[in-house]
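In the two complexes below, subunit A is the common chain; its partner is subunit B in one and subunit C in the other.
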Partner chain A sequence: MNWLSLNVLVFSPLIMTLILLTPMFSGHHILIRRISKGFASLHFVYTLLFLVFFNNDLTLNYETSLKLFDFDWLNSLGITLSMGLDGISLLFVILSSFIILIATIASKGIIKSKQSLYYALIFIVETAILGVFCAQDMFEFFMFWELELIPMYFLIGLWGEESTAKKSAMKFLLYTFFGSLFMLCGFLMLYNFNFISTNELTANMNLIGFNYDNVPFYLQVFASILMLIGFAVKMPIIPLHTWLPDAHTDAPAPVSIILAGLLLKMGAYGIIRFNIQILPDAFLMMVPYLVVFAFINIVFASIVAYYQTDVKKIIAYSSISVMGIILLGLCSLNFVGISGAIFLMIAHAVISAGLFFIVGIIYRRTGTREILQLGGLAKVMPRLAGFTLVFIAASIGIPGLIVFVGEFLVFFGAFISTIWNTYLIQIISLLSITVLIFSACYALKLLHGVFYGNLLERWKKVNDILNHELVVLLTLSVVAVLFGIMPMTILNMIKLNVQNILMAFGG
Partner chain B sequence: MNWLSDISSTMLTELFITLTVLILAVFSMFYNVKYNKVSKWIALCGIGVSLFALKYLQLEPIYYAFNDAILSDTFTVFIKGLILISSFLIVLLSKRNAKQRYHKTFQFYAILLTGVLASLFIVSANDFLTLTVALELLSFATYFLIAYKKGYLSKEASFKYLVTNAFSTAVYLMGVSYLYGITGSFNFSSINNYFLQHSPTLLYAISTIFITLGLFFKLALLPFANWILDVYEGCATSIIVFIATIPKIAMIAVLARLLAFSLSYSFELSLVILILSVLTAIWANILAIKQKNILRLLACSSSANAAYMVFTLTLVSVYNLSTVLFYLITYIFMNIGVFAAIIVLENSNYSSKLHEFKGFAYSNPLFTLAFSVCIFGLAGFPITAGFISKLYLFSAIVRSGAIFIPFLLILMLTIVVSCYYYTNVVKLMFEKNETNYNEIIHHNAYSPIVILYTCAFITIIIGICPATLIEICKYIAYNL
Partner chain C sequence: MSFFAENLYTIILIPFWVSLLFAIGKLFGLIKSKKIVGILTLLSTFYALVFSVGTFVLTIIEKNYILEQTVPFLQLNRFIFDIGIYIDGLSAWMILLVSIVSLLVQIYSYFYMYSDNSFIRFFIFMNLFNASMFGLILSPNMFQIYVFWELVGLCSYLLIGFWYQKNEVSVAAKRAFIINRVGDFSLLSGIILSAYVILTNLNNTLNVSIPFSNISTISAQIYGCTSDGIFILICLLILLGAMAKSAQLPLHTWLIDAMQGPTPVSALIHSATMVAAGVYLIIRLYPLFSLNPIVLQIISVVGITTALVCSYSALTQVDMKKILAYSTNAQLGLMFLAVGACSTTIAMFHLTAHAIIKAMLFLVVGVVAVSLNHNQDIRNAGGLRKQLPICAITFLIGILSLSGILFAGFSSKELIFGDLIDGKHYIYLSLFLIVSFMTAYYLFRMYFYIFEGKNKFDFEIKEPHFVLNLSVSVFALIVILLWFVLPKSNNVLFAMISHLIAAFAVFTAYLTYSQKKLLKKIPILYDLSINAMYFDGVYHFITKSYKRFSKFLYIIDKYIFDGIVYFCTLNTKMISWFLSKIQTGSVQAYLAYSIFILMMSFGGIMLVYSLIMYFSEVQ
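Moving on to the complex of A and B:
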């Protein structure tokens, strides 16, 4: 299948960036937006073609490597720009393309200035995210991981809240940069000790995962912790989470969608790829501690979310809570738990995209996100209230909607986990399930505070949703319902790969 | 006629630079102010001819000339080429600065090229005596260049430089005399041979530490780093480019040679350098956070980058040397790019205060893009050369042993700090500035803006396909 090229898939957004930055588009705001939307939809269709022709076996499909000017990129250091897809990464590639499409459609009306720069940066972010999900080489992974920082900084800083966005963007940048440098240190250790033991200079993730036994165990643990710090900042796991509420609050709605939908997933994806797949022994050792962190994530973030009055902050903290559940699923280290965690990532991306977009719609019309100043909007915005009900119901975990499947699988997986002889994870999963009542509390508080109760005089003339907003919300809710009813479509896609990952833990 | 062949195979570049200096000095006595333009062309031609003369120097086998006082091999020729290319760019950048003082441009370029000449001698020295003389020559040229600008600040900076340099030279000479006392020789090769046969003593450790500390002055590493902020603020911008690049290249080269051979038998020395360079990185990066002037900020960044390079250089291996060379080359280009941008601003009557950068992104998008590329290159973000060079440098540190990983983590934390202040510069350019609409006027000087765009372009190109340069660096490192 020569025309299905991963290089085209990953680098075409970058070319789109260059096209958008040429002076010929300056001033044509509508044209820029339409071209971007058109490109994003084409790209999404192209990624779907990968799904159609994907044959699901254990070997990687569509492996390619990019040759620049007749050199393998940094070949003398064993670093190549090689890309490949397996079931898990294909799932995330489709998700990325989908979320970027949603974000570009959602940008209409919210982004009013410097449009060509905005869409150009969005497409750089897309390249970076796709590169992370396709990377087969550690340093390539790291390069794409870092590539997304600067555009994201500007997307938050330039189009966000006038007063505080620059500060939040800087906080995001520094936190992530800090984490990623530690991650780099872990990568370099793996790369170097692999070289010492096998005398083969390579940074290929599969080869290094193949030879991990040769690295001394204490160094494995050290490298694993260093990499985990990088992923934990992105995910985020609780002591390293403080950038997230600020960045989410100050970013414009489409950027929040990308942040919650894709960037947080990169952290969890990294844990699957590196901590679990490459260094299984070290991960096994760290699991008891990670479970505690996951529990803190779930409990702490839910409670904090309940006491927030800013709608966006509520959703941001709920994201942290969901990432805790995902971490719990990854820690269960069995088929059900890990599949559930991956499924929950997809589910959370869809739901949080919807919720952030709804907040964006409300903010655009009323200029406020404080629950105390809103209320009764269902009277003037009945259609939006209906959609919000769907997303809120989904995020609480009502059966039949997408999140329920993920949460159920995660808790089930955690409960039947037989990795240790202690009952730690069972106890923690039970406690977490009880704590989930908080998620219902804050979600219903949000729904009630914004859409029901007394309608203030000044919101009487607020319009209901427009056509493009309807398209976005309808698509997202259809996805939420569809995969809530037929989760096996996604689970079948990742089945073999998850089993493959679990081989290192004895099936 | 042995000395003729010595000159022709080791010192041809130095010869041409010396001739240029003499021509400029002689012309400065006779020529009228209105011929000032000629001075720049003479300097450029001199550097060009010397670059061409590099081709005729002996590469292999190593040529020892003048009783082993001078040597020539691939490494020296490569470093000399780097020095000459950067001095070419500096001459192009210093048009406006040269005219500042009574239009004595001939003298300005003569002194500048004297500094270049001294650096070339430092690189090819194989003897502590030659090295000392060359270091002093470089220092004298730098005193004059710093004091060349009008005003009080430059005199203060020059005096500070002089006093600190005097002290560091004293320390350095003490170390050299100890080493002479132990081995009875000034020559690098004979000192190396002596310690191949005798075991090193405590006095050897002390003398090596003294020598290296003395050499740290020009790199602005910690015991002798206090001059750098004031000097960067005080002197003319093109002179800062000189101070930031040429002595740095020469010092890294001579440290590489010394640490690889005659000073390599002292464990204490490595420990001292490691600790000092980590301390310098912490000191410089923390100091940079609060700076309001971009020149002072770049002074801190220059000190920090020197610390990263010296740290890696201390863990002596061929691989490390190649990474340091790669880091040096990319750093030099990005640094010259940043300074070229500052000179463009100066030519349009902006000062170097950071708050004056507000709003450039909207009035001068292309300038902002090039400037940001260089700044982000220094910070080490991908698609720029800085990313590859940092990656490569860190890989060398990890490869040196697991024991250095805690040090590396400290260095990485300082890099996170540096990311803050570099991004801050770019952030300021994107801030709204409604009161006065910035507009860059290019005057007549096109060379700074061309150099800025070229450096930004090189930064990107090396960032995308670094393979060739890495191969070259490896080749050079294997030939030291």
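Moving on to the complex of A and C:
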């Protein structure tokens, strides 16, 4: 399958950026939007083709190494720009392309100025995210990881809805960059470990790893913690989360979709790839502490979400809570828990995209996101209320919708985890199930605050959803229902890879 | 006949598809005709009725008929979570009951809701509820029970909040859902805990979802390999789930809130079917619970306490639907008592009798409230016997039955009574009789207020649609027929005691009705009853504390977690401010700095050097 090239997949959005920035499109707003949407949909179809010809075994699919960057000095350091896909990364690649497509469609009507720059930046972000998920080399991973920061900074700062947008964007940039530095230190340590134990310079993620006999264990743990800080900022894990509510709130709706749908998942993906896969022993040692962090994430964020009155803040805090559940699943270190965590990442991307889009719709029509100023909108926007109901129900884990499967598997997996003999993880996983109650509290506060109750006089003329909004919401809810009923389609895709990851922990 | 049983899964799917069809039709504005909605709904429910009758007959003909059909829903290595259907005598009976009540209520609600603007939305939710309820009853294992447990809870919430424009409806729906969620949390924990026990101690991965087909073996295994504490914990967690759904103490207040929903919903979901699901679950898991007598004791105590508290609260209420809601609570409590102290069959008889009677009473109240322009206060009614004769007769049949005087309710109460005597549960027995007294009292009080005396309103009563009367009458007919179907113990003692107590209760009720202030003479007792033992106050307090707690955590989040970040940025700012102040631009200052730094560094080097020398000499 030569025409299925990962280079094309990853770098075509970058080429699209260059095309969009040429002067020939300046001023043609509608044309720019249509070309972007068209490209995003083509790109999505192209990623789906990767799924069609995917060999679901343990080999890396579609491996490439880009010759463009084939310098001697890089090669001599063992750094290559190589890419490949396994089941997990393919899943995230498809998700990324899908969410970007949703975001470009959702941008209509929300983004009114500097359209060519906006879409160009979106596509740079897409390249960066796809690069992270395809990368097979540590430094390549790091490069793509950092590449996404700058366009994201501008996307939040320039098109942000609030006066504080620039500040939030700066906070996001510095905070994430601060985390990445630790991550880079961790990568360098790994690189060094590998050289010490094998006497070979390589940064390839498949060649390095597992256990270094010559390297003291505490150094391995130290490297693991350094990398974890980088991932924890992005994921985010409390107390490194404070950039998230600000950035999510101030970003325009499509950018919030990308933030919650994809950027947070990069952190969890990094934990799987580096902490679990490359330094399993060190991760095993950290699990008891991480579980406590996961618990704090789950419960703390979901209780704080209840106090918020800004709809977007509620969703932002709920994202933190869900990422805590994902961390709990990763910590369980068994097949059920990790599969559940990965499933939940997909589920949360779809659901949070839907919810942020809905908030965007409401904000566009009413100019406010304060629950206290809204209310009774179901009367004028019955179709939107119906869709919101589906997403809210999904987000609180109603069975038959996508999130339930992930949450159930994580809680079950964490409870039956046999990694150590202590009761800690069992008690914590039982206590974490209380999130069912807390999530119902904040989710219903959102739903009732916006759609139930009396309709205020000034919202009487608000109109219901438009066609492009209908398309987005319908697609997302179909996905939410479909994979809620047939979860095995996703779980089968990642089965072998998860098993492979767990080999290091003895099955 | 086995055709019906083998294709019984379609009765879960068809209402679901109908609901989806309506939802899509409403989304794109394709469905305009209310007739089509009504016909499709009724057809799907009638289809369910036909199939459940067929299955029921099959289970009657073939004793011990059991059918299990499953497909894997989640399959992860060794763990398999199946979904499917499981038919035995119990589920066939329950499914028949639900489809009968559902069909009649849906016929009723077609006319009751006809003029409502959100007619289609109502039937979307109703069909979704039907599908979920059938799925819950036919569950082959605990996993599927949980799945549909949440779905019926969702449907109930949606239907309680059906008239969402009213603020009190919105609050009621929210509260109902969150209290139910407490039960869901508990049920899920219980399921996971028992799955863990099965997995680690027995290494039996096939049974992690606790299939009902060999529940007795699995229960014995769980009992065998756990300590008493863990076993009781598992049972209590599952039991709490059942208690939340069946509105038992202390999670019972949501059922009173649920009365904000449309009356057909109260009749179908909040009296006959969904609230009985908790009892159904306990009956299903009876082999598990019965292994430890303490668990059975707890079930009985919860049941009888709920019955007492809720009957007592019903004594002074003036809202028609609230009286019936408290009565539902109390009767569900009696079912719990029947499971705990008598037998599952008797509980099932009482469940059946109560479901039919209570659905009928709610439907009558619906007609009455509509005639009174949606006024549900019993003090505003009066003398309706002449205007609404069919309602009066059917209501009388219902309350005679529920008070244990005649018909279906008599038989089921007689069975409970007989079994309590046989089991020598004299404390439960005496409390049971007190509950019976209160039941008869508040029901007849309600009857006198609504149907006897003179009209207390000055407008013309509209004649209700004849179909409303018809469906109510069919219910009344079933109540009478059930009397002949249900087994009788011909306990003369019970007949005497029951009639005596009921007669006394009716007399007292009449006295209250005519004198108006019997209980008001003892203010403490009156206040306790009218405020329903102040449970709402407790919940209000919990909500308030939760709000405060979340505010507290938010402050921690803002001023500690985020505060540290701001502190760091502040530091950077101060350093940069200091450094920028140094850059004055005058050469003299720079010269002074450089001389200063040169001297400092020279001094420093000297200091370090001498220290090194000193320590090396010391060594």
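In this text, the second predicted complex is superposed on the first by the 495 of 507 C-alpha atoms of A that agree within 3 Å, B and C clash if a C-alpha of one lies under 4 Å from a C-alpha of the other, contacts with A are read in each partner's own complex, and residues count from 1 in each chain.
In this section, contacts are C-beta pairs under 8 Å (C-beta built on N, C-alpha and C of every residue); 3 or more make two chains touch, one makes a residue touch a chain.
On a predicted model such as this, the values are computed, not experimentally measured, just so you know.
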Please work out whether A:239 is in contact with subunit B alone, subunit C alone, both, or neither, and reply first, second, both or neither.
second
Contacts for A:19 in the overlay, against subunit B (first) and subunit C (second): which applies, first, second, both or neither?
neither
Is A:207 touching anything from subunit B or subunit C once the two structures are fitted on A? First, second, both or neither.
neither
For A:192, select first, second, both or neither according to whether it touches subunit B, subunit C, the two together, or no partner.
first
Taking the superposition on A as described, I'd like to know which of subunit B and subunit C A:184 touches: first, second, both or neither.
first
Across subunit A, the partner (subunit B or subunit C) reaching more residues is C
Regarding the shared-chain residue A:42, is it in contact with subunit B (first), subunit C (second), both, or neither?
neither
Let me test your reading of the model: by the given contact rule, A:110 touches which partner, first (subunit B), second (subunit C), both or neither?
neither
Would you check which partner chain A:335 touches, where first means subunit B only, second means subunit C only, and both and neither mean what they say?
second
If we overlay the two complexes on their shared chain A, which of subunit B and subunit C does A:143 touch? Say first, second, both or neither.
first
Dual-contact residues of subunit A (subunit B, subunit C) 174
Which positions of subunit A touch subunit C when the two form their complex?
171, 174-175, 238-239, 241-242, 300, 303-304, 306-308, 335-336, 339, 376, 378-379, 383, 386, 389, 393, 397-400, 404-405, 408-409, 411-412, 415-416, 418, 426, 429-430, 433-434, 436-437, 440-441, 444-445, 448, 451-455, 474, 487-488, 491, 495, 499
Which bits of subunit C are touching subunit A when the two form their complex?
23, 26-27, 72-77, 79, 146-148, 150-151, 154, 158, 161, 164-167, 169-170, 173-174, 177-178, 181-182, 184-185, 188-189, 192-193, 195-196, 199-200, 546-547, 549-551, 553-554, 557, 560-562, 564-565, 569
How about subunit A: which of its residues touch subunit B in the complex?
68-69, 71-77, 139, 142-144, 146-147, 149-150, 153-154, 157-158, 166, 170, 173-174, 177-178, 181-182, 184-185, 188-189, 191-192, 195, 219, 222
Residues on subunit B engaged by subunit A in the complex (per definition of touch):
376, 381-383, 387-388, 391-392, 394-395, 398-399, 402, 405, 408-409, 412-413, 415-416, 419-420, 423-424, 427, 430-431, 464-468, 470-471, 474
